[in-house]
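Chain lettering (A, B, C and D) follows the sequence in which the chains are written, and residue indices restart at 1 in each chain.
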Amino acid sequence: MFEFLDQIFVILRHWLVSFLPAAWQQPAGVVMSVAVIVVLFPALFALTTVFERKGLARIQNRFGPNRTGPFGFFQPVADGIKSLTKEDIVPSSADAAVHFLAPVVLVVAVYMGFAVLPMGRNMVLVDMDAGLLFYFAMGASTELAVFMAGWSSRNKYSLLGAMRAVAQMISYEVVLLLSSVTVVMISGSLSLSKIVEAQNHYTWGLPHWYIFTPWGLAGFVMYAIAATAETNRSPFDLPEGESELVAGYHTEYSGFKFALFFLGEYLAMFSISGLGTTLFLGGWSAPFSWLGWVPSWIWFFSKLMMSIFVFIWMRGTLPRLRQDQLMNFAWKFVLPMCLLNLLVAALWRFLGDGWVKWAVCSGILIVAYVGMGLLEMRRGHIGPRSYRYAE
Amino acid sequence: MSLVFYLIAALVVAGGLAAMMLKNTVHCALAVTVAFAGLALLFLNLDAQFAGFAQILVYIGAVAILVVFAILLTKGSETPKDGVFSQTWLTGLAVASAVFAVLGWAVLQTAPMLPRATATPVVSVQQIGQALIGQYVLPLEIIAVLLTAALIGAVIVAIHEKEGAN
Amino acid sequence: MQESISFTPQLAASPIAEILWLIPAVPMVAAGVAALLKQAMRKTSATLAIGSMTVSLLLSLVAFAHVIAGWAHGQAVRETVNFTWIQAGAANVDLGWVLDPLSAVMLVMVSFVGLLIFIYSTGYMAHDENYTRFFCFLSLFAGAMLAVVISNSLLLLFMGWELVGLTSYLLIGFWYQKPSAAAAAKKAFLTTRVGDVFFLLGIVWLFAQTGTLLFYDHGAGSMEPGALAALLTQPAALGLTAAGAIGLLIFAGAAGKSGQLPLHVWLPDAMEGPTPVSALIHAATMVAAGVYLIARVYPLMQAGALTGGSTTALTVVTWVGASTAVFAALIAVAQNDIKRILAYSTVSQLGYMMAGLGMGGVAVGMFHLITHAFFKALLFMGAGSVIHGCHEEQDIRKMGGLKADMPLTFLTYTIGMLALCGFPLLFSGFWSKDGILEAAQHWSVARAPFYMLVFGALLTAFYMTRQVAYVFFGYWRGKKPAHESPAAMTVPLAILAFFAMALGLIGTPLWPWFRAFLDGRATGFDVHGFAEPGLLALMGTSTVVVFLGLGLGWRLYGGPAPRPEEPDVLEKAVPLVWGWLQRKLYVDELYGATVIAFYGWWARVSDWLDRRVWGGAVAGVAWAFGLWAQLNRFLDTNVVDGGFDKGCEELSTGGGLLAQVQTGRVQTYLRILAVAVVVLAAILIWSSRA
Amino acid sequence: MTPLAAYLLVAALLFAIGLAGALTRRNAILVLIGIELMLNAANLNLIAFWRYGPHPEALTGMMFAIFSIAVAAAEAAVGLGLVIQIHRHAKTTDLDQMNRMKG
């Protein structure tokens, strides 16, 4: 029974495919899963927008959208219709072809990422041997799309926004890679499904998720930071910092193309959260061994939504950084810590089993972080925040 | 030869040609990106998964970005008044075509004795990794040093001198 | 005769063996941290060093207990943890550490003595401004030494070995402001290098022969029968087997480190370092490293020996050791610097150890090493305390009557001195030295070493008595009155004094615990221990010898010692001999006259060659050319001038033409390159086609 | 025509294109791009030979390609850095105007 629930989609696909001639079955299956992904995540996106707006509203003491439909849940539909029916403006001096290509490339590249994410037991589109590498390759190619958008609109704001975005994404991509490499080092595989399998063990009913190891925790924090920056979410949303450059690289976009950008941002958020879940939070594995009967895809998506919620929460809470702060943070704090984390992971790998590795690894990390914190405090870079309210 | 190969090959060549012939430098950069992507596809078509993804990651993710940055930093995006091709472009073209002629001739000369299609080799990333830190560990180290040196060197070369220097 | 238990290497190493690496690691980490501290943070550094040493000591004790436990259950523990360090193609270099009686005993000794000396140093160095640096070096040394001790691989041992040499250099030259100290440091470093070169050669040769540097590797190690058999079949030069040759090379390294005869010169000068350093490095541990090394590779040294027989390597070891013992003891008689006397006695005792190894086997040598470590450390620290009390005075002629001023120091020092002399029955030195003498007595090759060693014992007793008489008896000949040292210095003295006495009891013939432990035999009390042929006689002899030495010394120096300026008693008697001894038998001068002089001479020769021969030749050539030039000028000015100018113009125009190629355009060059490629490729294919 | 030959031809063509670009363009950056293309053509050759060579399990060709990709990245970084610096000094990236090293 539970197996059936767990594998329901796989079984469904088999059943549907079985009507076709044998030659077509395999491609048809792929097409089917692709179609599901292509439909599913935009739906999730619609849902998320309304949740985000309502959540932010709660955080900021106001009602969010509450007119269209029950509790304003049909708001995304209205937005969708609006953005589809709006006029698609292309600036006269813009580089039309590139201007058009940019959002397409972005969305396609982002969609590619989902191909390797295992969304449940046996629920991965292509179980690639180099899945992680593929994911990062695709992630890397989004930057170009952003640049295209910014450059092609022939608009200073757009160009600056794009440049900022690209610089920021490159800087944080390094961090993203390094923090993921630790997982690869320990699990010994680049295939995401294998990585999940490696975490799908339990001792005393508790899972072996990598976040529950010293290096895993540190790596996950780094990963979360980098992910926020990669997706240009607050507090790293300088590329579209309204107060400085109107809307960053998609200032000159309207209507459907803008919607595509918007979609792209959220899809990127989903896929990167999914990757984080897969790498550190045990993917589709249950948090307790006795909860194993719950279908795996439920776990995956609930973890996904959890991290999405954290994203929203951060956006509601944290103020935006300055560009120099952003870069310094990336290169002078996060990157060194990631390198240290690599070392720690290596130690973890080679110190064998037993308490020694726990002691050594957590010792090193704690010393490093506390030391860094004390140093910064002495330098006065960090400390109790002092707000200046408008008198 | 499969159709896929011809399509990708056409894509690559088209990208390359566009990159070398377009007027607007940024367009060239984007075109070369297309060529890079096509090459990555060719690698995949050759069952070299790892190399393919590495190609995308490095060339599209890094080199292309570097190039566009460089273009924007050197005001290269506006087309120069006296043409995009150098005065001696004709000889250049001739030489290049000569090179192609020789290479192609060589290939065709040896074509008959080239091996026919072989069984697709199965290479797991793990094998590659083990080869990298096993048999090829020395090159790997050297590459690491080289990349570090290049990083520092690029920064030092491109860094803006303070006032007073030179 | 108890039957021997064969060493059965446990396949699975016990937990303590697994974490044995922590023992050296902890002090090294401490050193690393101390290196980062500010000079001002004295307390921290001292605490760090002592704390780390305590940890090491505790771990060592655990390891020791583990070994004893295994031994008590009747199997001799030898647990190794090996891992591959470098894997270059087929050949791979392994490192590892071993826990067996030998290393266990050494571990405890080193960490224990080390700890005491660390504590002592807090008192001794209290007023030094480079306190922190000092403790950093000390910890580093301790770590390196412990690494040497635990290492199961000749390579790892060599690493520790060199590190130890480095720290020794740093610590001898600790007061680098003193030119003498700097010179001594340099001397020590270079002299030991001489030995180390041979050592390295030995290592390389061993690796080339056996393909491994591990000592014990479950039958595949280089110290295990398989490899040794291979080495024995392998002939080397001078009728030596490869085993013998490698053994000799390694021994050369050992001789360098523990000041054996040709290479002993650095050790006395090393006394320029702070006294705790002299005590720790140049008495107790580092100089013993050489002995330990020989003990480690003993299977190699012994390889091919028939039962009761000896091998070339061991014979060499014995002779060198014995002659060193006598030689150094002789010199020690005529020294006046309190620390130099001890230094020479250290050299001679090391000679004893080597001889013991050579004739009696591991246990004999190691036993003397351990006991000597304790009482010699005690003596040095006592000397330090004396020096401290006499306001940095080191000349024993300027001391005297200190037994009243520094009673504690006097008491402990005397105990140490008696132990060193081998005062019968209740001092450790007696038993360990006795073991060596016994071995010498039964040695099959020659008799001479026995007599040499007995003579050495006599001298030892004599010069120690002389020193004590000078320092503690008679009346105070210094300027400011002396004072007793702080507790931080005296307490370790007391502890060491206790061990200097008690330690002998684990090695008496009555209960040869230590020897049995190292050889992995079962043991127990047996009164027949004394009944072995000639043993009692031997003990009698040595007792007589010791008393003779003591008596002679007291007879000569017992009375009020002479004033500093007037000559020594012996000097009055035999000024000539005394002169030789005072000048350390002119070894330094010998080296000065041979090696160094040779270099100087060679330098001068090459200088002369440069000036006269080559220089002359060049000058001649120059002269010839000058002549030629004269001729040319004549010809030029009159004959070819016009033509020559023409040629020049031609050349310059040609150069100009050629320079045209250098357009300074990248693309041109690239183009030329491409053309070249085309041409070459075309030629290539064309030729291959035909 | 064997697949290997086809790949080699494509590589040759790409190489020629890159060379042509490097020889004919004025803009230094585009010359660099041309060189990158040539490098990529070489990589394609390596991979193709690896794939159709006698010992694909030896990974030699692939390794070579991977290393050369890494080297190419370094080369691009330094080259572009140089171009930027040159532009800073000479206020141009036009190679025809950069002939100060003329003999």
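Methods note: a residue touches a chain if its C-beta (ideal position, glycine included) is under 8 Å from a C-beta of that chain, and two chains touch if they have at least 3 such contacts.
Everything quoted here is computed from the prediction, not taken from an experiment.
Q: Suppose every chain is reduced to the average of its Cα atoms; which one is closest to the average of all protein Cα atoms?
A: Chain nearest the centroid of all protein C-alpha atoms: C.
Q: If you tally contacting C-beta pairs, which comes out ahead, B-D or C-D? Let me know.
A: Comparing C-D with B-D, the pair joined by more C-beta contacts is B-D.
Q: Distance-wise, how many Å sit between the C-alpha centres of chain B and chain C, to the nearest whole number?
A: It comes to 59 Å between the two C-alpha centres.
Q: Measuring centre to centre with CA averages, how many angstrom lie between chain B and chain D?
A: 5
Q: Among the residues of chain A, which ones contact at least 2 other chains?
A: Not one residue of chain A touches more than one other chain, so the list is empty.
Q: I need the residues of chain D touching at least two other chains; which ones are they?
A: In chain D, 19, 23-24, 95-96 touch at least two other chains.
Q: Would you pick out the residues of chain B that each touch at least 2 other chains?
A: As it turns out, chain B has residues touching two or more other chains at 50, 54, 62, 69, 86, 88, 91-92, 95-96, 99, 103.
Q: Once the touch criterion is applied, which pairs of chains come out as touching?
A: Between chains, contact exists in these pairs: A-B, B-C, B-D, C-D.
Q: Going by the contact rule set out above, which residues of chain D touch chain B in the complex?
A: It comes out as residues 1-10, 12-21, 23-27, 29-30, 32-34, 36-37, 40, 43-44, 47-48, 50-54, 56-57, 59, 62-63, 65-67, 69-78, 80-85, 87-88, 93-96.
Q: Any idea which chain D residues touch chain C in the complex?
A: Residues in contact with chain C: 19, 22-24, 31, 95-96, 98-103.
Q: Can you tell me which positions in chain B touch chain D when the two form their complex?
A: 1, 5, 9, 12-13, 16-17, 19-20, 25, 28-29, 32, 35-36, 39, 42-43, 46-48, 50-51, 54-55, 58-59, 62-63, 66-67, 69-71, 73-76, 80, 83-89, 91-93, 95-97, 99-100, 103-104, 107-108, 110-111, 114-118, 121, 123, 127-128, 131-132, 136, 139, 143, 146-147, 149-151, 153-155, 157-158, 160
Q: Sort out for me which residues of chain B touch chain A in the complex.
A: Counting only chain B, the residues touching chain A are 26-27, 30, 33, 37, 40, 49-50, 53-54, 56-57, 60-62, 64-65, 68-69, 72, 77, 124-126.
Q: Give the list of chain C residues in touch with chain B in this complex.
A: Per the touch definition, chain C meets chain B at residues 87, 667-668, 671, 674-675, 677-678, 681-682, 685, 689.
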